[in-house]
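Data first, discussion second: the structure below is written as structure tokens.
Letters A, B and C name the chains as they come in the text, with residue numbers starting at 1 for each one.
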Amino acid sequence: MRLTPKSATLIVLALLVAITPFFFPSGYYYRVGALLFVNGIAVTGIVILTGYAGQISLGHAGFAGIGAYACALAPVHWGLHPALAAVLGAAISAVLAYLVGRPILRLKGYYLGVATLGFGILVSMVLNNERQLTRGPDGIEVADLGLREVLKGWGLNLTNGEFWYFFCGLCLIIGAWLALNLHNSPTGRALRALHGSEVAARTVGVDVARFKLQAFVISAVYASVAGSLLALQNKFITPDVAGFMHSVEMVTMAVLGGVGSVLGAIFGAGILTLLPQVLTVFAEYEQMVLGLVMLLVMIFLREGLLPSILKKFWGKDE
Amino acid sequence: MSELLQFLFSGITVGAVYALVALGFTIIYNASDVVNFAQGEFVMLGGMITWFAHAQGLPLPLAALIAIAATAALGVAMNKLMIEPARGAPVVSLIIITIGASIFIQGAAQLVFDKQIHSFPAFSGDDPIRIGGATILPQSLWVIGGALVVFLALWLFFTRTLLGRAVLATSNNRLAAQLVGINTNFVMTLSFALSAAIGALAGVLATPITLTAYSVGIGFALKGFAGAMLGGMGNPKGALVGGFLIGLFEAMTAGYLSSQYKDAAAFIVILAVLFFMPQGLFGRKSTDRV
Amino acid sequence: MSDLLSIEGLGISFGGLKAVNDVSFRVRPGEIVSVIGPNGAGKTTLFNMISGVYLPGAGRVMLDGADVTGMEPHLLARRGMSRTFQNLQIFQSMTVLENVITGYHLQEKGPVVADILGLPSSRRRARKAMAGARELLERVGLTRAAEREAGNLSYGSLKRLEIARALALDPKVLLLDEPAAGCNAVETEEIDHLIAEVAASGVAILLVEHDMKMVMRISNHIVVLDHGEKIAEGDPATVSQNPAVIAAYLGAENAHG
């Protein structure tokens, strides 16, 4: 039986999550792995928006910020369970994406880029400035999710690192599964069609504005969930999560690996998550390297690394 | 009343900078349909290079000239190395490329220079001029004058010179321009050089007031774009007016609402323009083409 | 009222230049009406106005008795209008099959939540569209290319793919913009048959085509445009004898020569 791209992607991800821990030299790597998975979730959202629908956002970190601060604030102020706070964050992100996306998605590329950029900056401005609420640039602590204790009660005893590694891994697999469902569904086809040719998509009856908005909202939820997971596992969050550089990082990860496919984008997230761990001098050059990666990939490998590698191994895909 | 006048002065001053950035956007957009997100970095480089050269002991005018020339050269390099190889790429790719360039230039600037905030002396001293109970810095007059002179020079260039008309022809119809013998590649290069030089000039003029650092570019880009869009994308007159309006709006927000959120003003304008008049103040309504 | 499509005094200007001016004609069910004229006569512009891509500056478009002037293309699709493009608007990175399935969009679309969760209802919709798409591919002779990426197909195949996608909408009115351009004689004849077959099933067909032999062969009625104006119309025999038409074509030839 031939493997569909969907099951192949899910199998690869499941194996990655399950097997790599056997090669971890120390517990620290669980943390790196969890971070990779969180970034993977965020870029899966970018795949839906940019890879499927061909739209760009330079402000998705704003939604990550909303997801993160929902987990920090809602438990304290409204006594919400952190898990519910994450759901609330996702809901707020979805509503905001809908409201902001409605006017700006009617227009083309550049306007979308600038408007989303402005949106991201606005969110990070609020997080930095509303000190009474967010405690400003120094950051704020986040309540414990408490799931690890529950698992302990069931006899599953995991270290903190292990727990977040597997939990984020599971979330990534679910996120990837949903995105792959979407890819081959009527909605996914409509999104890819409007990406391919907007005018042709309209003539076959695709309500282009509506589908763009759907992609924008869905990808905002992905970013929000990624932000929530980041906040919950670190038990601390700063406004940097919503910063412009974080938005750029998301886009860069996705295009580096290949924004057209879920696995490709996660591959890109992997590279850019691991690179700073491997190269300790990276911190100083981080911005330059990010910029350079964006430039080189877009000029020379427009489809991204993974598709290019696969083509090399399997020849022309037919 | 003098309070209002004061806000007006500061609005016109920053507005002049945004107008220059918006003009830079317009030149490149007209020649190539590319919105260059690295436009703000030209402003940053204008300020940073001038500061650096001046700190090395060069006289300020020479330092400024070096900064403008170096930034113009970088603009040319950007066009040759990034934009030309990517001709025909989808808009999303071009956005990522110019954002990548912007991030790269920022990263390089913090390595080559540093992460501190810098400035250099104002051209005509720091004694404020009193007008109707409010004050304005002599440097502000330099900035405002600079914006007007650049606009006038561009207008003369585009309407009175053969080369300027060639640029306009290219922006109207690239293929037709090529057919009548215009070297469109040269026009593109020229546009990037011009646009970068204007950006750098804005940085040189504004730094004594606004100060500079490796990270100021993106803010200028966002506001300059807001100005260009408010005026109507691709329209130089619109860019000038739009830039000034964004500056005024920002100054009024800072003065009467909240100085912390003055940077939000530009974003609100962007959204409002998209909502109510996507073609901007002076723009033409575009016809969708297959 | 038996006209499916009726164009009444349609016109548009670009920058003060009248690209199309006061053009009227009608298409009945099962009829093939061709619009011909020299390059730049405004044929594609006319198409773009009828199909909602451009907003007409003057006149009306009536579809099945209802005024649809300036209506958005996706709403026109719901009312049974479908089209192909002169310069090919294929979804390049999708497979050939997916391209045609997209033509079933209006039938297969459903709640996004069902799609993202991969619910049975979503799969059912998709399966039904796929079955229809396979039939259409069979009909245009592209079955063997079904799983290939559309961007890799030959020009002639892409032309047929576009027609298949347009037919997937099960249109009442079909606009074909140069469906045989760039095709060889055999392919042209295949497209010929296909168009005739579709018309025979009661679809009103509006055709822009440069291949005069094809136009003369299959059209019931011909409308001739020159410089954006209708200069003649009638059945093929009448139009081909019309002095104004001959002059327009010869004039165009001379200008090129």
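Some observations on this one:
One rule holds in what follows: contacts are C-beta pairs under 8 Å (C-beta built on N, C-alpha and C of every residue); 3 or more make two chains touch, one makes a residue touch a chain.
All figures in this text were calculated on a predicted structure; none of them were measured in a lab.
Steps from chain A to chain B, minimised over paths through touching chains, total 1. When every chain is represented by the mean of its C-alpha atoms, the one lying closest to the mean of all protein C-alpha atoms is A. Relative to chain A, the most remote chain by averaged C-alpha coordinates is C. Centroids built from CA atoms put chain B at 32 Å from chain A. Look at where the CA atoms of chain A average out and do the same for chain C: the two points lie 41 Å apart. Rounded to a whole number, the gap between the C-alpha centres of chain B and chain C is 45 angstrom. For chain A, residues touching at least two other chains, in rising order: 199.
Contact of a single residue of chain B with at least two other chains is seen at positions 288, 290. Each of residues 53, 85, 89 in chain C touches at least two other chains.
Listing the residues of chain A that touch chain C in their complex gives 177-178, 181-182, 184-190, 192-193, 195-197, 199-208, 214, 218, 260, 317-318. Listed in rising order, the residues of chain C touching chain A in the complex are 51-53, 72-74, 76-78, 82-83, 85, 89-94, 98, 101-103, 105-106, 108-110, 112, 115-118, 122, 125-126, 129, 148-149, 165-166, 168-169.
The touching residues of chain B, when paired with chain A in their complex, are 35, 37, 82, 85-86, 89-97, 99-108, 110-111, 218, 222, 225-226, 229, 260-261, 263-264, 266-267, 270-271, 274-275, 278, 288, 290. Here chain A touches chain B in the complex through residues 50, 54-56, 58, 100, 103-104, 106-111, 113-115, 117-119, 121-122, 125, 129, 199, 244-245, 248, 251-252, 255, 284-295, 298-299, 302, going by the rule given at the top.
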